[in-house]
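In what comes next, chain A is part of two complexes: it sits with chain B in the first one and with chain C in the second one.
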Partner chain A sequence: MKTATLNKSDIGKCIDLLLQADLRVIAPRLQPQVDEDGPDALEVLTFTEVKSGEGHQVGKGLLPLNGVKEFLFAKHEPLFAYEKRGKKIEIIPVHHEYPQTVIIGVRPCDAASIASLESVFSDANAGFEDPFFTERRSRTTFITYSCTAPDSSCFCTSVELSPDSAKGSDLHLTEIGDGRLHVEVITKAGEAVAKQLQELLKGEGDQATREKAGAEVTEKLTRIRDSAPIMDWLMDTANFDDEMWQRLGEKCIGCGACTFVCPTCHCFDIVDENKGSKGYRVKIWDSCQFDHFTLHASGHNPRDWQYKRYRNRFNCKFKIYPEKFETPGCVGCGRCIRACPVNLDITEYMAEVAHKATNPNAIKAE
Partner chain B sequence: MIEQIRNQARQLLENGDVDVVIGYAEGSDPSRTTPIFIRKAEDVEKLIYDPRCINSLPLYLNKRHEYTRKGWKKTAIIGKGCDIRAIVQLIAENQLKRDEIYILGVPCEGVVSHPEKWDGSLHDGNRASKCIGCDVMIPHETDFFPGEKPDVDRSSPYEATSKNVATLMELELDKRFAFWRTDFDRCFKCYACREVCPHCSCNTCITDETMPSWIDPAAHKKGVFSWHLTRAMHLVGRCTGCGECTRACPMGIQVDLFNQRMKEVVQESYSYKPGYSLEDKHPLITYKVDDREDFIK
Partner chain C sequence: MSNIYQPDLMTITKVIQEAPGIKTFHLKFQDEEVANNFSFETGQFGEYSAFGAGESTFCIASSPTRPEHIECCFRETGKVTAALANLTEGDTIGFRGPYGNTFPLDDWKGKNLIFIGGGIALPPLRSVIWNCLDLREQDGRFGHISIVYGARSVQDLVYKREIEEWNQMENVTMVKTVDPGGETDDWDGHVGFVPHVLENDFKPDPENTVAIVCGPPIMIKFAFEALERLGFKQEQMVTTMENRMKCGLGKCGRCNIGSVYVCIDGPVFTATQLAALPNDF
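Moving on, here comes the complex of A and B:
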């Protein structure tokens, strides 16, 4: 593997070089607040399209609120337009643009989530392909950046990842001290981007320091759960009605915050946006946490109670995803924990399941 | 203080006076607390109260949570003043009966604006701006209050105006619009703002209506603007200013600025602040025969 070093202070220049090469660049940026110093103001960091390298937040802050999902799986995707003329309906194709894109400053958990989304939207075995996703995916390059300061909600090491993992990356950056970054060229797409940045990349990297730095950050994670026994426990249908689901989940209020900030959640709805006799059929984000997500036309709702909806979310992450797609359903980014208004915590479920799976007798006694 | 609340909660549960006590417990992270439903007297030790207790618990009294509330004939709820305003407003709107609820009022010194801002103590740098000028830190409507409840003058029809709203209103119209365009660009319509709101009690939210589809469900500019502005209009004269919509927003959009501005408009027009009296009818759902405006007659 090809390696190099890059000065951390040159990242702004990297972005400018990529922009000069006519690439669309997405990077973490801070968003304006009404009252920057006020007691209510929070740091709002999001992945945004940037027009210059100035003011970027690559490698600063932890995780942008939105993740990179929306740049591959659009929040709003017109499928086609239609027009009714008498009894005839004309279908009009919609033009889509898929610009060549580089997303820089992606953290390892987000990078790992791409493979999970890919397995849903371009399932080679099932022969299904979502062209919008795959077209964007094939034109997007990920420059990832190892974490330096995980927070108390991070739990990537509990789902077989690490703060310095290069999984899903095209070009991977890790801080190795003295304001330098160790650069790893992982894929051909990464090599192409490295070529654009050639003037800023120097010599060879420092693999040993990079490994050491990664291991040091891994030590900082505090939220550690055993995810190994979870899938088998969920596969046992008797546990579908376990008392845990209601006990932990009854406080859930049924917003979709956890699913919308989740880098692997991918459910969508297809709706018509009608205006008179014409309109668009569009694909939009949906959430299994919404009460009408499984509502039948008859009025029956198999997930009638909120805790059952959260049970579905947990099952999706730790059973359905690995079983059906053989990719991880959860990358441990912790966004759902940070975003939840009522502190419903997926790692509490993980701990509870691991406990129940490894102490079956203790549970019976309860 | 919390000991007195716990004792009262224990007694209520032991005597069978209530089926459940809704309160706060330690969260999964030292900076966070979480709502908890206590059904057994021995669990009252889990109850806590301090400035980290930000959630507005009355949302669980809303009929949206009918499944959770099934079998609860009488519910005790721990309330700080702003939450009790929400309860009073729910009662005034016939969403709840006063005798179904037992209010355990707590004295409040203000709460932290976001768990992320908690550093072990409450100070000017992290006290939620909604708490500045609050006149229900000693709550108004309670069934139990730890200790002697001091008298507080709440006769002013005006609430403190928000500094954030004032800052925004000083901007030129196009700059203000530009601000919202940037902010709303981030909205992906998870509806956390709706679900944390104690007052959103429609059986089917207008944004979920499909025949016709009044509001585009997509999170594009039109869909997002029409959602937030409709939501703001539906809460005019009803919003009790808990600020939960802004706190809950996973994308950091300050949606409650709309509600706070509308609160000011209602105060200017009707000298009315919601959530103070059980008998109040909010100005937009009532009329007076001697109204000075002609069009209403």
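Moving on, here comes the complex of A and C:
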């Protein structure tokens, strides 16, 4: 593998070089989230398109609020336009721009989620390819950045990842001290980007220091470490009716925040946005936590209680994704924990399931 | 770039009011090439659009042995079905499909078939009923065919003319019923819920027989239980699921029962397959 070093202070210059090469660049920035002009504008770390290398937050802060999902799987995607003319309908294709894009400053958990989304939207899933996703995916390069300061919600090491993992990365950066970064070229797309940055990349990297730095950060993550028994336990359908689901899921208020910030949640709705005789058919993000999500026309609802909807989400992460799509459903980013208004913590479920799985004779809680 | 979400356009060539709030459309593709390339098998479904309102999921209610047009049958219950119900002959709708798996007709060769349906669940069965009747006519590949169908009331029965047609056919037993209170003075069928009539009045012999059940989840449950008491084994019982869907392509994430997606792994399942799934339907 090709390696190099890069000065941390040159990341702004990297962004400028990529912009000069006519690439769209997306990087973490502090973005006002309330009122842009107000005195108390709350600035939140967010992945956003940047027009210069100034003000980027690559390697600073922890996780941008939004992850990279929305740049591959749009929140609001017009699929086509239609126009009614008497009894006839005309379908008009919508022109989409798919610019060659580099997303820089992606954390390892987010990078690992890309393969999961791909397993749903690519033709590997039942032979149906969602071209809106795959067109974007094929034109997006990910420059990842090892974590240095995970917080108490992070649990990537519980899902077979690590804060310095290069899984899903094209070009991977790790801090190795003295304001330097170890650069790893992982893929051909990463190599192409490295070429654009050639003037800033120096000599060879320092693999030993990089490994050591990664291991030190990994030590900081102390949440449960073995999620292997979770899937086995979920595979036993009798456990679908375990008392745990209702007990732990009762406090869920069904707001769906966890699903919107989750890098692997992929549920969507298809709706018509109509005005007069014209309109668009649109694919929009949806959430399995909403009560009408599975509601039948007859009034029957297979998931009629909130705990059943939460149970579905947990199963989706730790059973459905790995079983059906053969990719991880959870990358341990912890966004669902940070976003939850009632402090529902997915790792509490993981710990309880892991405990049940490894102690099959434990007496069930009353 | 092929857009999997873009429907083909179809013209409504005929509208039939089956029952209060329930309509059948006869549909033909507007594009000749699409029409020539289209084929489906019984059990499959489609996404039907009323432009301006959205898409709804219905089975293809006609038989592939009668390919001159396709049919769908729906009850007006929400935004899309209300918009569809407002359309008339000559209007255009969108269609994506066919999607999903099919009834395993090859496994049924030489066997007696019992179709059991309730209310608006007859349309999916109607496709496979005509398919089996037409094939039996051709080469006698199935044994006796029985149809047990019921609705809330006499007026809620769909395909009333075809029920009479099946009633007149040799080698077909037509058992019709309405829920208690739904009968009229001149009603000549049974009175009682479908699973009850199946078990106590019709009492089919499980020997060399397959039962195909379609209905709301609660009816499927009770019909399967009745069949088991009659001596049917799980592998002799087949159903088709009607979970809510949006894409039909295994992507939008709402029709799953555990790791099984009804849209791509179903909608046709045997009772054996359903029994292995988590209790989420």
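One rule holds for everything that comes next: the second predicted complex is superposed on the first by the 349 of 366 C-alpha atoms of A that agree within 3 Å, B and C clash if a C-alpha of one lies under 4 Å from a C-alpha of the other, contacts with A are read in each partner's own complex, and residues count from 1 in each chain.
The rule we apply is simple: a residue touches a chain if its C-beta (ideal position, glycine included) is under 8 Å from a C-beta of that chain, and two chains touch if they have at least 3 such contacts.
Bear in mind that the values here come from a model prediction, so they are computed numbers and not experimental data.
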item: Chain B versus chain C as contact partner of A:226, first or second or both or neither; value: neither
item: First, second, both or neither for A:191, with chain B first and chain C second; value: neither
item: Partner chain(s) touched by A:315 [first = chain B, second = chain C, both, neither]; value: second
item: Touched partner set for A:267, first chain B, second chain C, both or neither; value: second
item: Touched partner set for A:237, first chain B, second chain C, both or neither; value: second
item: First (chain B), second (chain C), both or neither touched by A:120; value: second
item: First, second, both or neither for A:160, with chain B first and chain C second; value: neither
item: Intersection of chain A interface sets (partners chain B, chain C); value: 269, 271-272, 274
item: Chain A-facing residues of chain B, complex; value: 27-30, 32-37, 55, 59-60, 64-65, 67-68, 113-114, 116-117, 124-129, 163-164, 167-168, 179, 182-183, 186, 188-192, 194-196, 208, 210, 213, 216-220, 223, 243-244, 246-248, 250-252, 254, 257
item: Contacting residues of chain C [partner chain A, same complex]; value: 1-7, 9, 11, 49, 51-56, 75, 77-78, 81, 90-92, 94, 216-218, 242-244, 246-247, 249-259, 261, 264, 276-281
item: Residue ranges of chain A touching chain C (in the complex, touch as defined); value: 79-80, 82, 84, 87-89, 91, 93, 120-121, 125-126, 128-131, 135, 237, 240-241, 266-272, 274, 279, 281, 283, 286, 288, 293-298, 300, 302-303, 308, 312, 315-316, 319-320, 323-324
item: Interface residues, chain A side, partner chain B - complex; value: 31-35, 38-40, 42, 44, 46, 65-66, 70, 75-76, 152-153, 250-251, 253-257, 259-261, 269, 271-274, 282, 284-285, 287, 290, 292, 304-306, 335, 337-339, 341-345, 347-348
